[in-house]
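Next up: the structures, one after another.
There are two complexes below, and they share chain A, which is joined by chain B in the first and by chain C in the second.
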Partner chain A sequence: MARAMVVAPPAQAPGFTSQRARARRITDKLATAVLWTAASTVVALLLLFIGYLFVQGWSAISWHFLTANPESANAGGGIGPEIFNSFYVLILTLLFTLPIAVLAGVYLQEYAGIGRFRDIVEFSAESLATVPSIVMGLFGLIVFVSLFHWHFSAIGGALTLTLLNLPALMRVTQEALAGVPATYREASMGLGATKWQTVLRAILPSAIGPLTTGVVLVSGRIFGETAALIFTAGASVSYGASAYDFNPFHTAETLAVHLYSTQREALVPDATQIANGSALVLLVMVLVFNVTARVVGSQLTKRFTGKAS
Partner chain B sequence: MVEQQDIKALALRNKMKIEDLNVYYGAFHAMKHANLDVPDRHVMALIGPSGCGKSTFLRALNRMHDLTPGARVTGNVSLDGNDIYAAGIDPVTVRHRIGMVFQRPNPFPKTIFENVVYGPRIHGENNGKRLAEICEKSLRAAALWDEAKDRLHKSALDMSGGQQQRLCIARVLAVNPEVILMDEPASALDPIATSKIEDLIGELKRDYTVIIVTHSMQQAARISDFTTFFLLGDLIEVGTTSDIFTRPTDKRTEDYITGRYG
Partner chain C sequence: MVAVQANKAHRQERIALAFLMLCAGIFVLAIAMILGFLGYNGTLLFWHDHVSPIEFLFGTDWDGFGGKFGAAPFIAGSLVATAFAILVGGPLGVAIGLFFSELAPKRVANAFKPAIEVLVGIPSIVYGWIGLTLLVPLIGRTFHADGSGLLAAGIVLSIMILPTVISLSEDALKVVPNALREGSAALGATRWETMSRVLIPAASSGLAVAVILGIARAIGETLAVQMVLGNAAVIPNGLLSAASALTSEIVMDMGDAPEGSAFRHALFSMALLLLLIAMGLIVLIRLALRKRT
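Our next item is the complex of A and B:
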């Protein structure tokens, strides 16, 4: 076919300057421009969004705002305990989620092969992943708050978030493992390693970078989760001895929930300003998570594999 | 099978004996009723055109097919008279005694030292001094010590392809196997690296039985004592390398040797 074309070119051979060639070149340039614009829109929207929040929220930010307790009726309340609670609930959630997610991911990717059980687990994970977070929040309300009589608590919130994020973290583990070249498995098994030794010594160390990146990215989402926490961790900070409260059975309003409740029902006169400041802090935190994910992931990959990626 | 008689006349001790070996990938019959005796401490080359089953055959010899979903092996493969597919035999111990070097160098993304001692470590050696000894001995045996000794704790991935492949050989030697299987170990390497690997194989046969798949007939002729020819999943014939290359008994072998197959 190709040879025939060379031997007998079409009667109207498209020259370099023909009308048609020029039209095609213009179309091509136009397409490139449209695609570039679409891609740039994503960046522009992000910058616009960040810029807007900075303009709105910057004046609210002060050391006092970042560390003080919230006020219930007067102006000048801070968000210190909320920042603390956000991290505390996040850590509790990871404590519950990571072991299950990583072990399940390792099982599915390295042990399960192709079969019915794997299908069932993956289908369950996908179904769990499609449950809206507000529904998961109501489930947490029924089970942890009412049935277990825990009332609003950090642990109830963390367990609800566990249900919500387990599928994502399992998927993260599976994908990190899938990225490990099959040759490492062959090499390890070929040296007489058992499957478990291979997973532990050859595969997981090679997957640690992408795994960490994925975990930190999911952490950013957990950090910003709101709907699932309003009815489980509660919309007020602890009434214990200190608002910075490590007791997991005490109520623990996170920053994202605070943003919601301040805007919605707060009596304080400076509610709007507090909400703007909270939104800015929340956004910056989540951005920090995203940047950290990239940096730490590639550092770990370098450390564990001796390879710059 | 006249040639096989000639090998027997040499009165060599058999290291491995393969009887009626069949390998299936799903419904595909990839290796059919193969029989082969592998003499101890010699180099056996497996040759044949692409898709002839030589790699399939090789991977059956240390139960690597166990790792391939859908692959099934029947027949007997024995090492020193013991069937490695017998019930109750742990494939992990089989692979400990029968090591494998793969087509593409596949060092772990770890340091040179950690690559070499990976096997000893998983088999329970934790003594640092002992591991260092094993590392040096294995790297020397793989003709890599002089190039590697000053960078033992640098990443193995920074080495050249040829060095990486010799590292993979050192890694296999470190677990002290009796048989080393090599699946086209030089096919991804340049001519200089290839000749180093070939020299190394010549050294290795003093202590190990080497079975090597190669797509290069020149390589088989240079390095092997015996050659087996495969075609379309059949083991066609086996003989001393000089016999196979100068007076093959089977027409198909002759056609291949003289270049009538790709």
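Our next item is the complex of A and C:
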């Protein structure tokens, strides 16, 4: 957001050489130009990426590609099970993450005063947020794959992603709650509601818009996560009764992991094309998640608070 | 009747609070378990397989099956690629943060902001794919070299840390009180003078946090780096040289290292090292923020 800023004309008072004033003005103009260029360059880069992925990947996309099973040695394989697994792991992850993260966010924002427990929780959340995803993947490998003997499984991958995304979703919750005016709390408690009733019936409903926006944006990141999944959910698909395998204890290669394994070790002759197509699908999903986050978030805000956000 | 209801509400309240604290406690339990399990598995190499930590940290010979566990090339690769990213992406990110906080007209900000959010959302594997198929050939043609190496990894990482640095530095600049801007302008400062001599110093601790979190993102990045780094277990001798990083080596070797082998334990040690670096950065952030208050 731009902030109105008073721009003083460079001092021209007697005693100042006008040459120096000119130099200052030119420096200012130059700096302004540099900042504009920097910001524009980044936006241009994004447009370049999008354009490049579309140009490279468009020819790979077909109904067959999006729904068929992958091939191990022949050309013409699809990414159907991988797309399914990406959504399946995402939903499992949200099932675990959402309740814990939202309630922990409610605790920190509404209940916890200043105190030792709060400090410890916040420090833990910050630490958890900086654990690199490959490190989290190895933790998942140690615990879920080896210790629990689950081998590579959708649920092991989802639990690993849960640990990875708890802090982000807690932060989203805290920010959404912070946006609820204090008067809502006062009015609800003034009517005799307990704190918990206030949270459930007044605060959470009015925070639902920004909360949803945040959750959908984080979902987009979960959808594309790779490093944490290679050694937990695995880099191959299982064919149970059908290609769409709901058993959470079976291996579940997601689309992002498929892009990794295809470019690294695939034997199929059309590996590059499959990778291009997969990259494009991943990009399109990111765009879909971003647009959905905005649209759904503002609709919910309107419905629950009567305000346009 | 009323008393009974009040009693019930009171009990509900206590149960809810206990439940909320339990959920918050899961965060503490999670990081404790990660430290515990990686601390144990990450040190097996030293007390179970009797490899000295000195050899691990400073040795340059790496042969997982041959019992040589010098991880110095990967440590060097990680540090150089991260340093490159922070030297390029850090100032650029802060500059764009300044742009959003001080310069951008509302309409431009509204158009540019979603672009930054999409950049956050693009999976690292897709950054890696763009790097591998677009950037690596470009570098190869420009410098008549192989193309993959530290330069490619550094450029990809610079772009990947931008959203983090931009949004955090924008936040840091926005909380600088307006009185400082007005005071500076009243003294006759130009807009750039206000930015460079008043706002940046005033927001310095927040900007430091932005850069440190950028470092954390860069050093932990795995697949984008693995795809463009060339994956050679040697100490890099230039920006065009192929190298390997802690993260990329883990992802390359983990599938081959048998369970219970010293090879696998060495990879866990590398993960532990990454974890300790990340935790160290968090402590650094705490220190940067404490200075302010």
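Here are some notes:
Just so it is clear, the second predicted complex is superposed on the first by the 276 of 309 C-alpha atoms of A that agree within 3 Å, B and C clash if a C-alpha of one lies under 4 Å from a C-alpha of the other, contacts with A are read in each partner's own complex, and residues count from 1 in each chain.
FYI, contacts are C-beta pairs under 8 Å (C-beta built on N, C-alpha and C of every residue); 3 or more make two chains touch, one makes a residue touch a chain.
Computed from a predicted structure; not experimentally measured.
If you put the two complexes together on chain A, you find that chain B and chain C both fit without a clash.
When the two complexes are superposed, the chain touching more residues of chain A, out of chain B and chain C, is C.
Looking at the shared chain after the overlay, A:Ser59 reaches neither chain B nor chain C. In the superposition on chain A, A:Ile114 makes contact with chain B only, not with chain C. Within the superposed three-chain model, A:Val43 lies in touch with chain C and out of touch with chain B [touch as defined at top]. Of the two partner chains, chain C is the only one that A:Gln263 touches; chain B does not reach it. In the superposition on chain A, contact is made by A:Ala279 with chain C only, not with chain B. Residue contacts after overlaying the shared chain place A:Phe304 against chain B, while chain C stays out of touching range. In the superposed model, A:Arg201 lies in contact with chain B only, and not with chain C. Contacts of A:Tyr184 after superposition: chain B is touched, whereas chain C is not reached.
With the two structures brought together on chain A, the opening angle seen from the C-alpha centre of chain A toward chain B and chain C is 110°, to the nearest 10.
In the superposed model, A:Asn74 lies in contact with neither chain B nor chain C. Think of it this way: put the two complexes on top of each other by chain A, and the tightest Cα contact between chain B and chain C is 8 Å.
Of the residues of chain A, those at positions 194, 197 touch chain B in one of the two structures and chain C in the other. Across the complex, chain A is touched by residues 9-10, 12-13, 16-17, 19-21, 23-28, 30-34, 37-38, 41, 92, 95-96, 98-106, 108-109, 111-112, 114-126, 129-130, 132-134, 159, 162, 166, 174, 178, 181-182, 185-186, 188-196, 213, 216, 219-223, 227, 247, 250-251, 254-255, 259, 267-268, 271, 274-275, 278-279, 281-282, 285-286 of chain C.
Residue ranges on chain A touching chain B, taken from their complex, read 113-114, 181, 183-194, 197, 201-202, 205-206, 304-307.
Of all residues in chain B, those touching chain A in their complex are 62, 64, 67, 69, 92-93, 95-96, 99-100, 102, 104, 106-111, 118-119, 121-123, 154-158, 168, 171-172, 175.
Of all the residues in chain A, the ones that touch chain C in their complex are 1-3, 5-8, 10-11, 24-25, 27-28, 31-32, 34-36, 38-39, 42-43, 45-47, 49, 52-53, 56, 99-101, 103-104, 106-108, 111-112, 117, 120-121, 123-128, 130-136, 138-139, 141-143, 146, 163, 166-167, 170, 194-197, 199, 217, 220-221, 223-227, 230-231, 235, 256, 259-260, 263, 275-276, 279, 282-283, 286-287, 289-290, 294.
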